[in-house]
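Quick heads-up: structures coming right below.
You will see two complexes here that share chain A, one where it goes with chain B and one where it goes with chain C.
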Partner chain A sequence: MRPGRAFLAALGRELGIAWRRRGELLQPLLFAALICAMLPLALGPEAARLRPMAGGMAWIAALLAGLLGLEALFRRDAEEGVLDQLLLAAVPLPLLFAAKLLAHWLAFGLPLALLAPLLALWLGLPPAALPTLLAGLLLGTPLLSAIGGVAAALTVGIRGSGILLVLLVAPLYLPVLIFGAGAVEASLSGLPARQPLMFLAAALPAAAVFAPWAGAKALRAVAT
Partner chain B sequence: MKGWLTAIHRLASPPVFYRVAGGLMPWCLALALLGGAIGLGWGLLYAPADYLQGESVRILYVHVPSAWMSLTIWAAMAGAALVALVWRTKVAEVLAVAAAPVGAAFTAITLLTGALWGRPTWGTYWVWDARLTSELVLLFLYLGVIGLHRAIEDPRRAARAASVLILIGLVNLPIIRYSVEWWSTLHQPASVRLTGSSIHPSMLWPLLVMAAATKFYFLWAWLARARVMLLATESHKQWVRELLEGARA
Partner chain C sequence: MPVLDPELLAAFRATRYEAAVAGLRFAARIGEPPPAGLLALTGGPVAFLTAANPGGRRLPEPANRRRMAELEAALKHLGLAHWPAWHRAEDPAWDEPAFLVRCEDLEALDRLARRFAQLATVRLAPGMPARLRCYAGTPAAAEGEDLELAPPAAGEAAASDGLRLLAAEQLTFRRNGEHILGPLSLTVHAGELWLVEGANGSGKTTLLRLLAGLLEPGAEEDAPARIERAAPPAFLGHQLGLRAELSALANLRFARALAGAPGLAPSAALAAVGLSGWEERPVAELSAGQRKRVALARLLVAPAPLWLLDEPYANLDGAGAELLNRLLEQQLARDGAAVITAHGPVPWRGPCRRLAL
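Now for the complex of A and B:
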C-alpha cells in the first residue's frame, strides 16, 4: 500500500471508531464545563474577580479535559491486537502514529478548542480577547495531542497507567499553557499577543515532525 | 582513535563495565569526600560573608553546585538514553535510568536550599518565577522517569521507555538555562562564566571546589547504582554466577 493511502486508511479507521463511540466524545466537553462552573463557587461570583482569570481558566479546563481521552488512546488497540498489526505493517510506523494523533486531535482537541472560548465568555472574558484565545487554543491543542500521544504510547500495557500518564504529561504541557495563557493575558492588558502565539505556531511543525517519530520509537521500545 | 573505539566497545560489555566501574568508584568517592570537605569547610567557615546577603550567602555553596548537577545529570542521562535507543546496549540502558534518583535528589536539594536562601534574601520562600518553576518541572520530569521505569516490569523495556522520555524531557534544559535571560523575573542571571565571572575569587574558588565534588559524588553514585542494576538484569548470566561464587568463596 502506498504510504499516503495507508495514512488516510488509518485516519478513516480512527475517526470511524470515534464516531461510533460519540457518547464518549462528549465527556471531556462536559468535564471542561464542570471545571469552569466550579470556579465561581470556589472564588466567588463577582464578575470583576473572574474576568481576568477567565482566559487562563478556559486553558486549564481544556488541558485537564484533554487528559481524559489519553489513557484509552492505545488501550483498545493493545488489547485487541491491532497494535501488533500496526507494528508489523509494511508502512512506516511514524506515519500510522501521525494518523492516530490527527484523529485524536480531531475527536478530542478540536471540540475542546472550540468550546473553551465559549466557557471563557461564560466566565466573563472580554470579547476583544476572544480571537487571541481561540488562535492560541487552535495552535496549542494539537501540541497537547502530540505530547499526550507520545506519553500514552510510553505507558501502553501498564495496568492502571492513568495517574502515571498524568505525571508524565503534565510537566510537558506547561510550556503550551505558558504561551497560550500568556497570549490571552497580553491581549487583556493591551499588549501585542503575537509573540507567544508565534512560539506556539513554531512549535507546531516541530511537533508534527518529532512526535510521530518519538511515538513510533516509544511503541517499539515498549512493545518489542 | 582506533584504540579508543575498541575501548568503548569493550565497555559496552556488562562484565567489563562492572569491573571498570568497580575500579573507578573508590577514586570518585575519595575525590568527592575530599572536595566536599574542603569546599564546605572553605565556603561555610572561611569565605567572606556577602555585604548584601550577609551569612546566608553560604547556602549558595550548596545551592549553586546542586543546581548545576540537576541539569548536568539530565544531560548525562540523555547521552546514555540516546546510545541505548540507537545501539541498544544494555550498559547504556542501565546508565540512563540509574542516574534518575540522584538527579531528582539534587533537584530537590536545589529547590529546598533555594527556598531557605530566598526567605531572608528575597523575603519569600517561593515565587512563581520562570527559573523556579522550570526547576520544579524538572523535578517532576525526574519523578516521571522513575515512575515510568518502575511501572514496567521487564527491565529492558522499562529502560527503553524511560530513555524515550528522557530525550523528550531534554527540551526543558535550555528553558531552565536561559529562563533568567528570556524572562527577567526575580531569579538573578548567572554570575559564574567560563570567561569573566562577576564574583570575587574568594567566593568563586570554594564554589568551584564544591562543583567538582558534586560531580565526583554523582559519578560514584551513578556507577554504584548502575552496577547493582546490571547485576539484577544479568542475574541469570554466567559472569554474575561466577562473581557471586567468587564472593562466597
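Now for the complex of A and C:
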C-alpha cells in the first residue's frame, strides 16, 4: 500500500465516474445561469439597479447550484456497497475522503467558480471587480466542497437526506458567502478587498486538514 | 486439536519454573507445593505464562523475544501484575523466558495462554500443589492431582490447531432496542470454512458485518463483546461494492490500490473468474452473475486471510458455483479461511463447520 498511489487512484476513479455522468455536471451550471437570468425579470432590467447586486448574486447562484451535486457525493457509493470497501481498506480513510473532496471540487466547484464571474458580467458587474470576484470564488468554492462533503458524510445513511443536508450546510456556508461577497463589495466601493480574501485563503488550509479527518470520522460513525 | 503427548508432559514435569520477585529467586515444580513465601509476596495466586515456542514448536530466538514483548504489552494493557520468570527445562535448548503473572481471574489467564498459542501454563495457588493447566487434549492416563484441563474457550467446541484468524466473543446486536442477534461466540482458524445458516431475517448479514467491523456490537453490561482479527478481512456483501458506471477493470484497479498487499493483476483476476473480453465493459452492462464474478475477482486482487462472503452462491450459475468452490478451496489451501452465509443448501462439498442462527 502506497498512500500517494491510493490517493491518485481514488481521485482518478472519482473523475472517471464524473466523466461518465457528465450530463449531471451541467445541471448546476444551468441552475446558476437560471437564477441569474431570473433576476432582471424580477427586479427590472435597469443596469443601475442590477450592477451593485451582480457580484452578490453570482455568489448566491454558485452557492445554491453547488448544493445540487452534494447529496449524491456518497449516496451511490453507499447504495452499491463501495462505502463498505472504503471503510475496510488498508488505506487511511481521510486520504480517500480528501480525494473525494478534491474530485468533487474539480467537477462541481471549479466550473461554477469559472462560470459565476461571467454571469456577474452579464448582470453588469464592472470589469474592475472581476479579479476580486474570481479570486474569492476560487478560494471559497473549495471551502464549500469541504463543508458540504462533511455534511454529506454525516447524512449518508438517511433516506431523503436532501433537505436535511441543505439545512445543515446553509449556516456553515454563510461565512464563506459573507467574505466572498464582501470582497466584491469592497472592491466596488474602492476599498481594499485584500482582507476578506485573506480570511478565505486562511480558512482553506484549515479545511484541507480538518475536513478529511472529520469526514472520515463521520462516515465511520454513520456506517457502524 | 493439539495433544500433549506423554513425552511433552514429562518435559513439562521435569522443568523448573523460576521467578524473581522483590529481588528474591523462587523455583517451583509441578506437583510440589508453591515455594515458601512466594504467594505472600505476590499477594495472591499466580501462574507461569510464556509466549515463546507456541504450540510446542521451537521458534528462533528473535521471534520468541518479539512474542514476549507482545505478551508483556498485553499484560500491561490488562493491568495484570507480573514478574520476570524462566522455564528451565532438562534440555537447555528448551529453556524459555516467561512471566509470573498474578491471576485471580482464570478466564483472563486462559485467554492469554490461548492467544499466545500455549499448550499449558503452571498455576500456583495457596493450599494446592503447583498444577499444569492444559489447553490441549491430554492422554486420559495422565490425569492427576498436578494436572487440570482448562475449560474450552467459548465458541470453540473442538479447538482446531490452525492459526486463529478471528475470535469473537459475546457478540450481540440490537437495532432500535430490538434484539437482532446473539449473544454468540465464534473462533475462526486458518484452513476453516464456516457456513452460517439461517432463514431470511435471522441475522446472517448482521453477523458478517459485525465480524467485518462494519457494525459495532452492542455491549451487554456483564459480558462486553470482543472481536480480535488477525488481519483486516475481505468483505463481500449483497451490494457488491462495484460502481456500475466504471468498467470491471477500473473497479478492480481501485480495489487493488486500496489493498494492504496487492495480489493478482486485475486483468489476470478477471481471466481467472472467466471474464476475459469483458474487462472494458461498464459493470452496468454485465449480468448479475457476471457482476458477482467481478466481485469475486476482487478477492484475488486484494487478498485477505479471512473472507466474509454474504450469500456468495446467489446469482451464480453452475459453472460460477464451481468457480467459487475452486476459489474457496485455494483460499483454505493457503491457510486462509472463509465465513459464508446461506439460507439453503450450498454446492460446497468440502468439509465445513456450521453455525446455525
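Operating definition for what follows: the second predicted complex is superposed on the first by the 224 of 224 C-alpha atoms of A that agree within 3 Å, B and C clash if a C-alpha of one lies under 4 Å from a C-alpha of the other, contacts with A are read in each partner's own complex, and residues count from 1 in each chain.
The criterion applied here is as follows: contacts are C-beta pairs under 8 Å (C-beta built on N, C-alpha and C of every residue); 3 or more make two chains touch, one makes a residue touch a chain.
Please read these numbers as outputs of a predicted model, since none were measured by experiment.
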Considering only the touch criterion stated at the top, classify A:17 as touching first (chain B), second (chain C), both, or neither. second
Counting residues of chain A touched by each partner, does chain B or chain C come out ahead? C
Of the two partner chains, chain B (first) and chain C (second), which one does A:214 touch, if any: first, second, both, or neither? first
By the touch definition at the top of the document, which applies to A:183: first (chain B), second (chain C), both, or neither? neither
Have a look at where A:222 lands relative to chain B and chain C in the superposition and call it first, second, both or neither. first
For A:174, is the partner it touches chain B (first), chain C (second), both, or none of the two (neither)? first
With both complexes overlaid on chain A, does A:161 touch chain B (first), chain C (second), both or neither? first
With the two structures laid over each other on chain A, which partner does A:200 touch: chain B (first), chain C (second), both, or neither? neither
Contacts for A:82 in the overlay, against chain B (first) and chain C (second): which applies, first, second, both or neither? second
Is A:150 touching the first partner chain B, the second partner chain C, both, or neither of them? first
Contacts on chain A seen with chain B and repeated with chain C across the two complexes: none
Chain C to chain A touching residues, read off their complex: 212-216, 232-235, 237-246, 250, 253-255, 257-262, 282
Inside the complex, what are the residues of chain A that reach chain C? 1, 5-6, 9-10, 13, 16-17, 20-21, 76-77, 79-82, 84-91, 96, 223-224
Mind pulling up the chain A residues that touch chain B in the complex? 150-151, 154-155, 157-158, 161, 164, 167-168, 170-172, 174-175, 214, 217-218, 221-222
Residues of chain B touching chain A in their complex? 85, 133, 137, 140-141, 143-144, 147-148, 151-152, 157, 160-161, 163-165, 167-169, 171-172, 175
